[in-house]
Amino acid sequence: MSSPTLKVGIVGLGRLGQRHAINLAQRVPNAEVVAACSPVPAELDWAASTLGIATGYADYDALLAHPGLDAVFLVTPTSLHADQIIAALRAGKHVFCEKPLSLDLADCLKVEAEAARHPQLTVMIGFVRRFDASYHDAQQKIAQGLIGKPYLVRSQTCDQNDPSGAFMRFAPTSGGIFLDCSVHDIDLARWLLGNPVPKRVYASGTNAIHTGLQAFGDVDNGLATVEFADGSMASFMASRTMAHGHETLTEVFGTGGRLAVGSNPRLNRVEISDAHGVRNECTPDFYARFADAFLIEAQEFTDAALGRRTLSLTLHDATEATRIGLAMTQAMREARPVAF
Amino acid sequence: MSSPTLKVGIVGLGRLGQRHAINLAQRVPNAEVVAACSPVPAELDWAASTLGIATGYADYDALLAHPGLDAVFLVTPTSLHADQIIAALRAGKHVFCEKPLSLDLADCLKVEAEAARHPQLTVMIGFVRRFDASYHDAQQKIAQGLIGKPYLVRSQTCDQNDPSGAFMRFAPTSGGIFLDCSVHDIDLARWLLGNPVPKRVYASGTNAIHTGLQAFGDVDNGLATVEFADGSMASFMASRTMAHGHETLTEVFGTGGRLAVGSNPRLNRVEISDAHGVRNECTPDFYARFADAFLIEAQEFTDAALGRRTLSLTLHDATEATRIGLAMTQAMREARPVAF
Amino acid sequence: MSSPTLKVGIVGLGRLGQRHAINLAQRVPNAEVVAACSPVPAELDWAASTLGIATGYADYDALLAHPGLDAVFLVTPTSLHADQIIAALRAGKHVFCEKPLSLDLADCLKVEAEAARHPQLTVMIGFVRRFDASYHDAQQKIAQGLIGKPYLVRSQTCDQNDPSGAFMRFAPTSGGIFLDCSVHDIDLARWLLGNPVPKRVYASGTNAIHTGLQAFGDVDNGLATVEFADGSMASFMASRTMAHGHETLTEVFGTGGRLAVGSNPRLNRVEISDAHGVRNECTPDFYARFADAFLIEAQEFTDAALGRRTLSLTLHDATEATRIGLAMTQAMREARPVAF
Amino acid sequence: MSSPTLKVGIVGLGRLGQRHAINLAQRVPNAEVVAACSPVPAELDWAASTLGIATGYADYDALLAHPGLDAVFLVTPTSLHADQIIAALRAGKHVFCEKPLSLDLADCLKVEAEAARHPQLTVMIGFVRRFDASYHDAQQKIAQGLIGKPYLVRSQTCDQNDPSGAFMRFAPTSGGIFLDCSVHDIDLARWLLGNPVPKRVYASGTNAIHTGLQAFGDVDNGLATVEFADGSMASFMASRTMAHGHETLTEVFGTGGRLAVGSNPRLNRVEISDAHGVRNECTPDFYARFADAFLIEAQEFTDAALGRRTLSLTLHDATEATRIGLAMTQAMREARPVAF
């Protein structure tokens, strides 16, 4: 095909980075991965041998200087996001960056300010659930008035328990369960409620299994309530201790009905009837649940960067998600409501 | 209360007979169990001590002569049904009799003829599913036109496997799986399709586990198709080898939609999410599934016998169920369609 | 039967009172309704003509003096509960009383104190959900360790919207949505978590449809979080604005799994497949959902009063439910956590 | 990437042909569509403008002579399949061909014979359901013994009703509902039961809405039973008159449990609770249900043709599906069992 392609540099090739790389290299028709960047040589080898990405950089600035590069895909530690985005923008590159934008509100605002200086560049934070077919359908139905005026979102991100507690090593830098997990739910709630302004949050949590989290002011199960200025509300749950799998569930209550997305985290269409009853297996992790959405997300970023469509989500949405997530974390730690 | 009560004699106090007796004695306000009849002295003792039924008879004719008796409830072996019904009618008693009416078509017709001579007496064969709230709701919805014109019923009666094979001792007298189990589905199909006239049946079966049934010309899994004269159809399955519980499922396909009754044989409203997935437990047997319907059935019989309502089902319905069940059995044994 | 019966006086014959009366009169074998009490003559007439309860009293003290009376069933306005229970106890009667015990904590404690003086008398507050077969099953499974250690209950009572807003006339005396509706969920959470001690509650709410509730400090949708001293938590939702029906849903999260009771408020076992998709109808109100539980509850009260069993729930449970409900109400009105 | 690619010619660019072309051109990494063949110039234009397939042929033989062509993808009328496959094989090309292989058993055998002369060439008939993740999972579970020994498959292909009756124009050439729709179910049953040998079939049908089909000996609703030599059985339903959407459902009953694939044809993970009850929307057509499977199928064909894997299904499987489908059609038309 002679249509233009977006020349992308993938930055960060951990587990999720590899999946993004595969999508961009093989399944997004107008994207081409021209270079990879990672401090880990084995990851660059993987990119070369598996996806034919010949050029690998250990250094991010070197990647930005790659000839003909149009865009970067940042799948890096959150603490690097703000600086890497700003550097890319200054180098004239479109930027996709995994969520959350940052754990620091000032950094979020700095990124917003820099992006405002480059209106021709696409910047997208990967709130992947917005690209899931079911969430998209729900949002469309709400926009069409199917459930009247939405006034309450209840949303949860519940991970399957990892008895090894491997996630504990991210505890010092994850920002806590609300910024790590609930940030998705916060973004969904804002999106599905029509971007209301937050007024007050309250949160609490407990450590049901991984008591070691307490040392980091973190919990393995958290609850939070957000009240918005227009009277709408959101209720969140985040957990790392599910026995049955990863369960992302979002309900939107409206004056004329309710939509639920994900009320049974079924793995597929198989139903088993045996001595355990009638049952279905569950999605083991977020990637099993959102694999298709990651592809659609990459496609939409590519199309937006190529000027073929506008994005529905903004950098400010990412800032708001961090702002609310930080307030929830504070509310839990101080056992008091936090007002905005 | 001063309203009249129906004085009932319960005949047969096996497991199902005891349940009928409890319903009549304790939960049907206008029924009173004044006597019991059983050849087993222990069963009469149970009736006396548990339900306060003071009078017990070993002999059926003696029961019929019990002073003031209004009605009998026959929960006896199928081979006795026809004679017992006829004797009760001749004694001027209302009759409830468990399904099937008989395994012999001539006997069915004899009972119909006798009943016609006693139009003031209520005779009811216990097609209990007609009294289940869900089946009743489905029938009402069809009558209201919710699914347009119904043209196909698919119905199954699938029992949980009993590894002990205890049911094998009924094999010589049960009439086979179609008369024992499918007779309910046949009755439902006729009811829900508006009593169409059968034209042709075909059936087949296999012994998946209980190969000993072969000696009786019986199977532990059977399939049958019935074509009716008006173009409507029915497809039946009967099984004795389910791992998960008792599953009665009936679907009615209409030109404007489909109704399903029982698509998951859930035991209750509890859902378990654990290492087995998301699951619900199942009804273990027909009584767990239809306990409420047995009570409604007894109530409706009582009300009909007291002249407060008319019955929706007739003796002829029971004859038709036997007629079709016999044809299905013949079709399976001869591996050919049987026409009516 | 010669076994002893409990001679009951039914007090209050509104809609729910009538249902209790029918259960006691017709379906609880060992109960006998010997008298009724109501200030409304038509209600006493109904009791006489429908249930044959010949004796009716306008005056509660007169009822308590009814010869041979063993017990009272109080289905009266909440504001009368405490005094009526105390009077009955002093008259030597067993007492069943509808929930909530009282909206006033001091009154709850007074009732507890009086009851302690009559240990031979049964006093039961009608937390009907404990008698529902599904909740009972869930509680048994937890006790057996099926889900490990339970650490979080999420429970909701959501009523179908009544566009007429008829419930508004109860707003001045209902105590608010948390005491009217969530009191059930509070009791369930305590029961299913093993009676933890409450530490702190937070609550918030909104008026999505019935803005007139604001005048009473009430809301039509409320959210609350309870933290217990042992680290366990509860999250509640109450609503009066569901479009699809009455939905009572309770989830219990444990370290080894989760139980959900009522995740789809299906009316029955009928599933409809038509232009609206695949669907089931819903229970319209709490009585449709809990009709069986009301009967089991009446049976258990009767058996306990007759000395045949002990009760699993205590007056103190009812006091605790009021205590927590009051704190939730206060937290919402003052927008701050309330500590115990 | 330097890995070899399969140079494919797409033949037939109707609706399904276009979807195959998009998959091959954009989403199968190792496939390249180098030429298209269609008698319709507008279809070749579409291939050029949308997918950049520069070379288009009106003539199939010309396509086969395209330089460097490795494989053909036949999405053509069934009546052409046999000759086109044979021509491709003689030209040394790998062949993918849509189902059914042929409506003529002799043609099936001719194709099998020709393929046997070219063992180095991959020939695959598109029984797409084998490549669906859920069916694949079910098959794996059966192979692992999860449900014991499978003895009965019940499977259905039910299309949403098209009130326009557009499908009627295919009636003269479709081979009837069993060869057009049930051929998938037949293939699934053989696969999931371990390729049993058919012994006898019976079938019947009715025209619930599209009575015009009668003129072609066809029906809009069909039922069929297949008995296999090893005692296992299959029961099929095919329909063109569903109100709610396309529903493909397959159940496998084993001595230790049952698997169901597709028991609710849910469109996605959205659940709506409103005045219609609790509901989900449904897949409108087979492509909405099996879009992912079509991609996996194309990937597996490509990998097989490139020598990277072997196929799990054979040409003989396709012959067997036609053989059984023809017998079912005959059984229905002659109202008698057809033995093999």
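Points to keep in mind about this one:
Letters A, B, C and D mark the chains as written, and numbering starts fresh at 1 in each.
Throughout what follows, contacts are C-beta pairs under 8 Å (C-beta built on N, C-alpha and C of every residue); 3 or more make two chains touch, one makes a residue touch a chain.
It should be emphasised that the depicted structure is a prediction, and the values quoted were computed from it without experimental measurement.
Ranking B-C and A-B by contacting C-beta pairs places B-C first.
Taking each chain's centre as the mean of its CA atoms, B is the chain most distant from chain A.
Chain centres here are Cα averages; for chain B and chain C they lie 38 Å apart.
Chain centres here are Cα means. That of chain A falls 56 Å from that of chain B. Contact of a single residue of chain A with at least two other chains is seen at positions 147, 242-244, 256-258, 263, 267, 272-275. Of all residues in chain D, only 147-149, 151-152, 154, 200, 202, 204-209, 221, 223, 225, 227, 231-233, 235, 237, 239, 241-244, 253, 255-258, 263, 335-337 touch chain B in the complex they form. On the side of chain C, the complex with chain B involves touching residues 1-3, 26-27, 29, 51-52, 133-134, 137-138, 141, 146-147, 256-263, 267-275. Residues 242-245, 247, 264-267, 272-282 of chain B touch chain A in their complex.
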